[in-house]
Amino acid sequence: METVTLTIKNQPDLFLEADTITPDAFAGKKIEEIADLHVYVGREQHRLGDFFEISGKAGATPEETKIVVNGDLSRVKYIGMKMTAGEVVVNGNADMYVGAWMQGGKITVNGDVDAFAGTGMKGGELIIKGNAGNYLGAAYRGDWRGMQAGTITVTGNAGSDIGTFMNGGEIVIGGDVDVHVATHAEGGRIIIKGNAKSRLGGQMVEGEIYVLGSIDLMMPGFAYREDVDVDVDGIKGRFALYEGDLGERHRKRKGQTIYAKLYQRIEA
Amino acid sequence: MAIRVNLITGRTIQQGVSMEAGKEKPAYTAACGIIELDPADFKKLGAFRNTNVRVTSDYGNVIVKAVEATQGPHPGVAYIPMGPWANMVINPNTYSTGMPTFKGTPVTVEVAKNEPVFSSLELVRKGCRGELA
Amino acid sequence: MAEYLIKNGFVFDPVLGIKGDKADVAIKNGKIVETTALGSPKVIDAAGKTVMAGGVDIHAHVAGPKVNIGRNFRPEDKLFGYKARSGIERMQGGFSVPTTIRTGYNYARMGYTTVMEAAMPPLYARHTHEEMRDTPILDQGAYPVFGNNWFVLEYLKNHEIENAAAYIAWLLRATKGYAVKVVNPGGTEAWGWGLNCENIHDPVPYFDITPAQIVKGLIEANEHLGLPHSMHVHANNLGNPGNYTTTLDTFKLSEGIKPNSKFGRDQVMHHTHVQFHSYGGDSWVNVESKAKEIMDYVNSHENITIDMGQVTLDETTTMTADGPFEHHLTELNHLKWANADVELETGSGVVPYVYSPNIKVCAIQWAIGLELALFAKDPMRIFITTDHPNAGPFIRYPRVIKWLMSTEAREQQFDAFKHKDKVIDATNLAGIDRELNLYEIAQMTRAGPAKALGLAHMYGGLAPGLEADVAVYDFNPNEPYAPDEIETAFLNAEHLFKTGVQVVRDHNIASNGNKRTLWVNAKVDENPQVMRDVREKFLRYYTVTLNNYEVTGHYLPNPYVIEVDATE
Amino acid sequence: MTKTVTDVICPFCGTLCDDLEVVVSADNKELLEVYNACAIGAEKFLHSQAKDRITRPRMRQEDGSWKEISYDEAIEYTAKILTDARKPLMYGWSSTNCEAQAVGSEIGELVGAVMDNTATVCHGTSLIAVQDIGIPSCTLGEVKNRADRILFWGCNPAHAHPRHMSRYSIFPRGFFTGKGHKGRKVIVIDPRPTDTASVADVHLQIEQGRDYELLNAFRVAFKDEQLPDVVAGIPKEKIYEAAELLKSGRFVIIFFGMGVTQSLGKNHNIDEAIAVTRDLNEYTKAAIMPMRGHYNVTGSGQVWGWLFGFPYAVDLSRGFARYNPGETTSNDLLRRDEVDAVFVLGSDPGAHFPFSSVKKIYNLPSVAIDPHETPTTEVCKVHVPVAFVGVEVGGCAYRMDNVPIETRKVVEPPEGMMTDEEFLRHVLARVKEIQGV
């Protein structure tokens, strides 16, 4: 695998839209060609090279291309958007839409990301070592096809609205989450190692939520069923199982109604 | 004395009428530079009706006149009609929806008898110039 | 205005009866003229290319409240597909429900010049006209809906044809409408209570009238007025297995009625998107094609025209004044559902839908639509539509043309179906080897719909005196071609003239044209009773005043009024 | 001599009453009296006659004072800040007509603006919800003629839409509702016993900010599933009772307002309320409608809908339209310093945005087009007074149920005063000149 290193040298005075920072856009290109890729500040078009020092070498294909982005990227949007393969490492905080609509490959952010990371994700791996903003792994507005597959791992906390319209894949949050988790979800799994506030599983059809810490307020549509032993993805212990959303439609399998499941840890 | 209440904002007919009559006019201040408190909360605050109070949240503070709730009882809930006074203290967090959290901001209310209630134009002007306490 | 001479193209024109012969088309002052009438024209070399009149779409949902609901509630329909503004082109977005700007440009790119909005709720006529005003290039008109209108229900209950006609004339004028549209007659009024009318004899709650009476009465009122277009119906029971009997029952309501129109049409009923109305079986498990039975009837009854409503196997947005149907659909696919009932007049619903080639029913629907056109004996009476965007977006017309012209293309599609064998069993299409030719395509997309609309004196052909709406396609019918080349050519007209203005040049939008809005001004004898009823209903039941109802001039900056005199 | 203009449309709220009568002087220069309007609407008409009205554009000077400038100078300033900016915000568009909105849209396209309207602090979250789940709705006449169950959730029409209850919802007698109020059951859900609640059959005084939970509880109750003893401060018995009351109606209408769109959960509250409406359609007929505020905020969403495909928060900066509330919405843009100029027309963000956002406007090149002197004009660099739409100029507006109505001109604007549309057409022409297109 070849590596291209970008180091931000000029901060945009508004925000930089850099959806070209992907292995797909870099693969097979010379450094000069990569520097010529388009980025935008408002309605102005610029070169990637106007904002970044670029060094190293791109692979022939996205699979063989790794991108390392250094510096304060908290005003840079769309890093890794729609990428299909290869690797992106962000050493710093990044703005919105990291890994949005990504289909494959791996993104590691050694810092925080703002909202809409992993929007409409179809595959691949998104690792955030800091905190994530709102709408992590959620669907784009209006789309009933949210996260389909892949994994998102956040070491710190996440904001509100994670996993909206989730259909598959997994989101693991190391810390706490804000309100509204897995709204309208029809599949997938969300693991919250810290505490949750309220509105977990609202309008949820299918899928699983695990909460290891506290929940401020349970949805009225989630009913306690029983205590169960859980051993999933390294999460072990005794959990209280709730099913819901009782107000929502659910399909039946062999005469049994299939509900979404919410597990809250009682003891490790 | 200070009390903690949950602040909501919204329309009132006086707010609407005075807004249309001119936001630079005293009637607008009279309609919107107020906080409606439940009688029980007045008691806790230990203040008379029509006393100026300072309302403080995590996001700012503002001087308004405390009046008795017109659509109550609602103990623990306070109401400032929508407008620049309320917007000094409401929670601007949009939760990435575009919408500030105009309703449901925890605030402290304390008596500030001798502080003036500014007109809407004064309030934003002073605020923008950093001339407010 | 510039003069043009389009030279040496292979011309397909049902009006002149030219079937692919080399001919020249002359344009002057916005009209087709004899070549001898030209002075020093700009010459367009069309050698080796196909030349036709501008396309005419008799039924599409392109402007108005429910179309805009479809746009606004589907941001995901615009994701990544937006076209940036450049040159004279403004920005264009949306796939299944394009913005008005894209609507105009994309029809023009396909060589279409006239597009009728198929369902205008009268109370929202102003909105519909605002959208048409902002749709560049195209000549347009809109059909107000009448089939659930309280005035109509009350007049036709007692068979008061003259009163119904006077009301129709009044409403066409108030809304600047073009024709009498009927959607799920009675059923949408029933939907006001969450109910429906499932066949033509199912009474409408409270109003004591049946769909059959509504349809027949409106045909009679339409012919009483002698409007350019016939009554245009979407029958009851759309989209349900076994519904073909309802469709045949509806067809039969036109029996014995002759057209009374000076506008040259032969039909008294146009039935739209018949694909959705040609299902046998009694459930989604055994649903099957009844296109043969439907077309046997159509072929033998000259006073009926139909359009296809061809399923294109795309993700799209369904929208119809058939409110109960959309509710039924959202119950099936669980996708977002908008509903918009309109006081005293109509309703509508909007639901996204994914026609997947992996789903048997979708594939059967696809086959049925094509069968209708391929069973047609008279291509002047069956028209290509997708009921845009219900069965698919209009931008797929070239693909529909490909399927109709090529068994190879149809076989390719059959092979792509997950349940190919079951689809073949439930339909006739695999056994049909007919391939339509370009002359028949011109009948189904130009001359036929123009005639059915009563606009044969303006559109649909290349005879001198007609509007200079001319399309040139980069397609040589005399050379061997792959099926996809048909689609490519018809998707990207090389040149298009609209009323004599070149709006597409070398495949690019060259002008925003001189768009017109057509409406019908039918003069009737004074009818004090109807005017009293109108005043009464506005006073008591409407929520706008009568004086704020009529659509006034500036919503139609370039109107084209068709005058009809129905006075005694 | 005076004359009376009838069928006048009120340009205050989304109720868009169209039955006002206005008495004007014979020369059309003075507006004398207004009949049939609510107190707010009447004030709106009468304020146009204020003697101290500002009639010429003005520019803020270094020392904080205003200097009168010509319309030409105002047009030049506006065109310049829009073309100089790389991402201007063009906000407001709700108290103006659709004709002006269309011209503004063309300017926005040319300069790569973010177009946002007052839905952003009003029913924007409702629009998000509609995009997620749809909306079964109807016109207000359907309510008047059919509805026998009226639910007001987080809205207070007695104060915000004063004639709504008499024209459309609680009191009118319609075709199937000949008994008027007597034939209807009214439910109000609000954390305060509002003046609207005082005319209701049932008032559930919900714990503020727990609407999502209570709406969810209604859905659970419809399905006869078990509820916790108390939800959002309401005992479950009351919830089951209210759910039954709704199910037993022939035609249920739910109206909702800022109480749900601006409280915790926002779009989710509306989403769940729409789900409640969907559910009710399993049992009876039900519809739901947002109580839109400004008289033509709905219209700007319609105009942008057909031009761009999105109802608000439309980012045109890249030459094509993008939309994502949370990013392309005014308060997020201002908070994050994403825009470098602010243009305001037909709204007063200075009064109605959080102060932290107002301060951002103050620090940017900015222009406010507004007939009034407002907190927004107070923080903007240039203030352009214009004629009142619906009073001094007509044009199309959309009611809260999306019904378009053409507003009327009843009096002449002050001598020499431009309308929104005229001013915008001049700016458009100047922008084209500057850009050489």
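A few points about this structure:
Letters A, B, C and D mark the chains in the order given here, with residues in each chain numbered from 1 onward.
Following the convention adopted for this analysis, a residue touches a chain if its C-beta (ideal position, glycine included) is under 8 Å from a C-beta of that chain, and two chains touch if they have at least 3 such contacts.
Predicted, not measured: the structure shown is a model, and the values here were computed from it.
For chain C, the chain whose average C-alpha position is most distant is B.
The central chain here, found by comparing per-chain C-alpha centres with the mean of all protein C-alpha atoms, is D.
Of the two chain pairs examined here, A-D and A-B, the one linked by more C-beta pairs in contact is A-D. Mean C-alpha positions place chain A and chain D at a centre distance of 34 Å. A separation of 39 Å divides the Cα centre of chain A from that of chain B. Chain B and chain D have Cα centroids lying 22 Å from one another. Chain B and chain C have Cα centroids lying 56 Å from one another. Residue positions 128, 131-132, 264, 318-319, 323-327 of chain D are each in touch with at least two other chains. Of all residues in chain B, those that touch two or more other chains are 95-96.
Looking at chain A, residues 115-116, 134-135, 140-142, 144, 179 sit in touch with two or more other chains.
Contact between chains, using the touch rule, shows up for A-B, A-C, A-D, B-D, C-D.
Partner chain D is touched in their complex by these residues of chain C: 63, 65, 67-68, 71-75, 77-78, 82-86, 90-91, 93-94, 97-101, 123-124, 126-127, 130-131, 134, 150, 191-194, 206, 327, 330, 335-344, 347, 350-351, 540-545, 547-548, 552, 555. On the side of chain B, the complex with chain D involves touching residues 6, 8-13, 15-17, 19-24, 59-60, 69, 71-74, 77, 79, 82-84, 87-88, 90-92, 94-104, 120-121, 123-125, 127-128.
Residues 115-116, 133-135, 159-161, 178-179 of chain A are the ones touching chain B in the complex. Contact residues of chain D toward chain A in the complex are 85-87, 111-112, 128, 131-132, 212-213, 216-220, 222-223, 225-228, 231, 264-265, 268, 271-272, 275, 279, 317-319, 323-327, 336-340. Against chain C, in their complex, chain D makes its touches with residues 6-7, 9, 18-19, 98, 102, 106, 109, 127, 130-142, 144-146, 167-168, 174-176, 250-251, 278, 281, 284-285, 287, 301-303, 305-311, 316, 318-324, 396, 398, 402-406.
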